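In the two complexes that follow, subunit A is the common piece, with subunit B as its partner first and subunit C second.
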Partner chain A sequence: MESLLSVKDVEKVYDNGTRALKGVSFELKEGEFAVIIGRSGAGKSTLLRCINRLISQSRGSIVFKGIKTEKASKNELRKIRREIGMIFQHYNLIDRLTVIQNVLHGRLGYMSNFHGIFDLYNRCDRRNALRILERVGMEKETLKRADQLSGGQKQRVGISRAMAQNPSLMLADEPIASLDPVSSGVVMDSLHNICKEDGISAIVSLHQVDFAIKYASRIIGIRDGLIVYDGDPKDLTESAIKEIYKKSPDDRMENKDENDEEKAIAV
Partner chain B sequence: MQFTYIPLKKEKSLYTWTGVFLVLFTAIITGYVTQFDIREAVIVLPGILDFILVDFLPPALKAVPDFMTSLLDTLCMAIISTTTGAVISMFFALLCATPTTPNSIVKLVIRGFASCLRNIPGLAWAIIFVPAFGIGKTVGLLALTLGSLGSMIRFFTETIEEVDPGGIEAVRSVGGSYWQVLKSGVLPQCFPGIISWALYNLELNIRASTIIGMVGGGGIGFFIQFNIKLFRYEYATMAIIAVAVLVLLTESISKKIRERIM
Partner chain C sequence: MKTDSKITIIPENQKVFYIVFFAAVAILYILSIFQLKLNLSGGLSNFLKAFEFMGKMLNMDFSEWKDVLYGALESISVAVLATIISAVLAFFVSFMAASNVSVNFLTWFWKGIAAGIRAVPTLIWTLIFVAYLGLGPFPGVLGLCFHSFAYLVKAFSQSIEEVKEGNIEALKATGATWLQIMARGVVPPTKTALISWTALRFEFNVAASSILGLVGAGGIGHELSRAMRSFEFEQAGFVVLVIFLMSFGIEMLFHKLKLNVDKRKLKRQ
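Our next item is the complex of A and B:
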């Protein structure tokens, strides 16, 4: 199988000098469900954001479907992004709009400025949006405002919006970090099933190692901007987990990270 | 419990007395500096009361038909200037709010421009424009519009900057263009804030248009000024009451609208 996404030697230095990624490389094949684990601050969000160029890497190259994203023009970038769904920890829905309006936003990348600005979604898009909501069990909430939903429901709308893009790659940045265990299960089941059924590849960053092992077909462990584990969930030993979550010597925010470690070790 | 209660009360009365002392002290000092004699005020007070009670009262009901068109003019001036001002301000605010600005130079230039505008009140614009356009509604409209721009640009900019960046990021991530991000990510989020500031500005403009009318901007302000000059104080009183009613009405309507659009 050819690789859908190839990340080569990617480095990211933020404007304030933080080196969030220090040379990350991996290839993602079609159909993989990769889970990224690592302490908070390890660079998971940075990596995911570089992939769809919400931020741009400082060095290295990211190739999606044979196109170098860093060389893409504005228009090409829209075409790349519309094929990459993204799900966020804080859902990032537009609170004042309805569920269906939020889901339809997933179509914007395929629409002209004019059609987008006047909400002229075609019939096929509208029908599809409704079908997706049914698949995640949200059809009853179609006309509710997004701010009236529970966290788990919001995230299922987030998944629906990404699905409306008809993506070939799904990025999820800690999709269940703000949810209780039950909703977490529901959301991860939805996400996992949909990706499996539609053959969508996924890169999901997670906080909980137990969830990672349950859903992942591949686990990537990041520590301090470097990949320290990349392989099958079966091979993820206790010591490998310790290695991924090990405190770095120059870690200044000790208190902040204490909790993460506890969460992670409690497999 | 009593333990903590008693000292607290003592502290409170200490604050009160310090406050009273400070106010009196400042009053005496400033009175001394400006040579304002409180006794004089007390002496003329009955005269002022007499003037108000006898000359301004009772309000002349028969003036109502005379100023209805002027009152309507005032309302229209306030509405038109607010709407025009809001549209122009929105344009500038989008150009200079951090999430939507095309670049940081444009942002700085517009911020500077807006803060200059903010320091020139509508009244000043009216006084500047009267010689150019003559007394009338044109002056009122221009003065009110220019007078609202500065603060509306600022309020709108702040509203846009308070928008949740997550929503913007989401629309960017699906491949939305700049205009689509504006329309689908930014506008729905800042809509209630923008409308609410515009309504507030409308209330301000109704009040301001009365004063601007007095220096030559037309409308009910001009009517009031005109009648005071002719010593028809009861007419002026009636008009002032009408303005107060108009302001109250606008306030309650805009409050309703605000609640509806949250």
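Our next item is the complex of A and C:
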């Protein structure tokens, strides 16, 4: 299988001096469902956001479909982003808009400014959005406002929005961290099935090791900005898990680091 | 844990702050009385005179009702024009002034301009335009526009700054352009706030447009000014009544509209 994404020696140092990533390297093949696990503040969110350049890495290189993201022009970056769907822990839906409007936002990267600004989606996009909503079992809620949905439903709309992008790669930043176990299962099933059926590669950051083992075709363990495990879920032993979740000397900075990550993702 | 000891619920430094604050207010109050050379007996006689004056005004003269109503209509038109023009301009500028969606330089530039304009009251702006453009409602529109624009830029940009970062990040991740992010991710969650601020400013503009006539900008203020200058307090009483009804009516209208929106929201929930 061909390599879809190549991450080489990526480092990220925030303005306050926090080193969130300390030289991360890995390659992702087409169709892989990789799950990143690690403690809070280990650098999982930073890594995901570096891939679609929501934040820029300080050093190293990220190549997506043969294009170096750090050297991509504005137009190239737009093309890269629209091919990478992203799912967020807090869903990040526009609450006042309907479910289908939120899903159709996934098409903005393909549209002209004029069409995007005035919500002028073509019939094909609308039909496709409905089809995606059917796949995640949300076809009856299309005209409901996003703020009227439950957490699990919101996340399925989030998945649908990412799917509307027709992506080659799906990034999911702790997609089930705010959900109960039942909803978590539904969301992970939807995400996993869609990626498997459509041959979409995925990188999902999770806190739940059991979910990681259940769904992943590959597990990447990050501790303190470094990859400490990269392999098959079957080989993830008790000692490997302990190694990934071992306390680092910087743990007292943990909460501070998380806040910094959140601040750093602003426009 | 000791239960008989005194339990403090306000920090010591906060207590000191309150004492200093209220003492400063009292000193400023007394200093102002001395500065204005006010005395209580004079104040009381003036108070009685004011009652006498009010009595005259209550004995209203409706003979000039056509001119007064025309003036009222002119004032409302000034307020409508000024509100629409300033709201449209402020809407576009506020995206450049909001720190979460703009660059530092533009944010400081537009916020600085807006603060500078706001520092000068509407009446002074109107006076400046009257001096430059002559008498009539047009300088009134411009004067109101200036202040409304600055006010709305501040209000709108603050509403935009309250938009969740996640909304912006999510659309950015889809490959949306800046304009698309603003239109689809920022405007929908702020729409209600922007309309509310504009409505509030319209209420203010109606009230303000009523007094702009005092500095030569036409409208019902001109009628009031004319009646007062010619000591026709009975006519002035009628003008004041129309101003009151105009401002109160518009405030009630918006209040009713707001209630209807709230009811619709409750129904949806």
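Everything that follows uses one rule, which is that the second predicted complex is superposed on the first by the 251 of 267 C-alpha atoms of A that agree within 3 Å, B and C clash if a C-alpha of one lies under 4 Å from a C-alpha of the other, contacts with A are read in each partner's own complex, and residues count from 1 in each chain.
The working rule: a contact is a pair of C-beta atoms (placed from the backbone, for glycine too) under 8 Å apart; a residue touches a chain by one contact, two chains touch by 3 or more.
The model shown is predicted, which means the values in this text are computed figures rather than measured ones.
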Combined model on subunit A: subunit C and subunit B, fit or clash: clash
First, second, both or neither for A:Tyr121, with subunit B first and subunit C second: neither
Which superposed partner A:Leu54 touches (first subunit B, second subunit C, both, neither): both
Touched partner set for A:Met86, first subunit B, second subunit C, both or neither: both
First (subunit B), second (subunit C), both or neither touched by A:Phe64: neither
Overlap of subunit C and subunit B interfaces on subunit A (superposed complexes): 52, 54, 78-82, 84-86, 88, 90-97, 105-111, 113, 116-117, 161, 165
Subunit A-facing residues of subunit B, complex: 164, 166-167, 169-177, 179-180, 183-185, 188-189, 191-192
Residues of subunit A touching subunit B in the complex: 52, 54, 77-82, 84-86, 88, 90-97, 105-111, 113, 116-117, 161-162, 165
Complex contact set, residues of subunit C against subunit A: 100-101, 164-177, 179-181, 183-185, 188-189, 191, 268
In the complex, subunit A residues that touch subunit C: 52, 54, 78-82, 84-86, 88, 90-97, 105-111, 113, 116-119, 145, 148, 161, 165, 262, 265-267
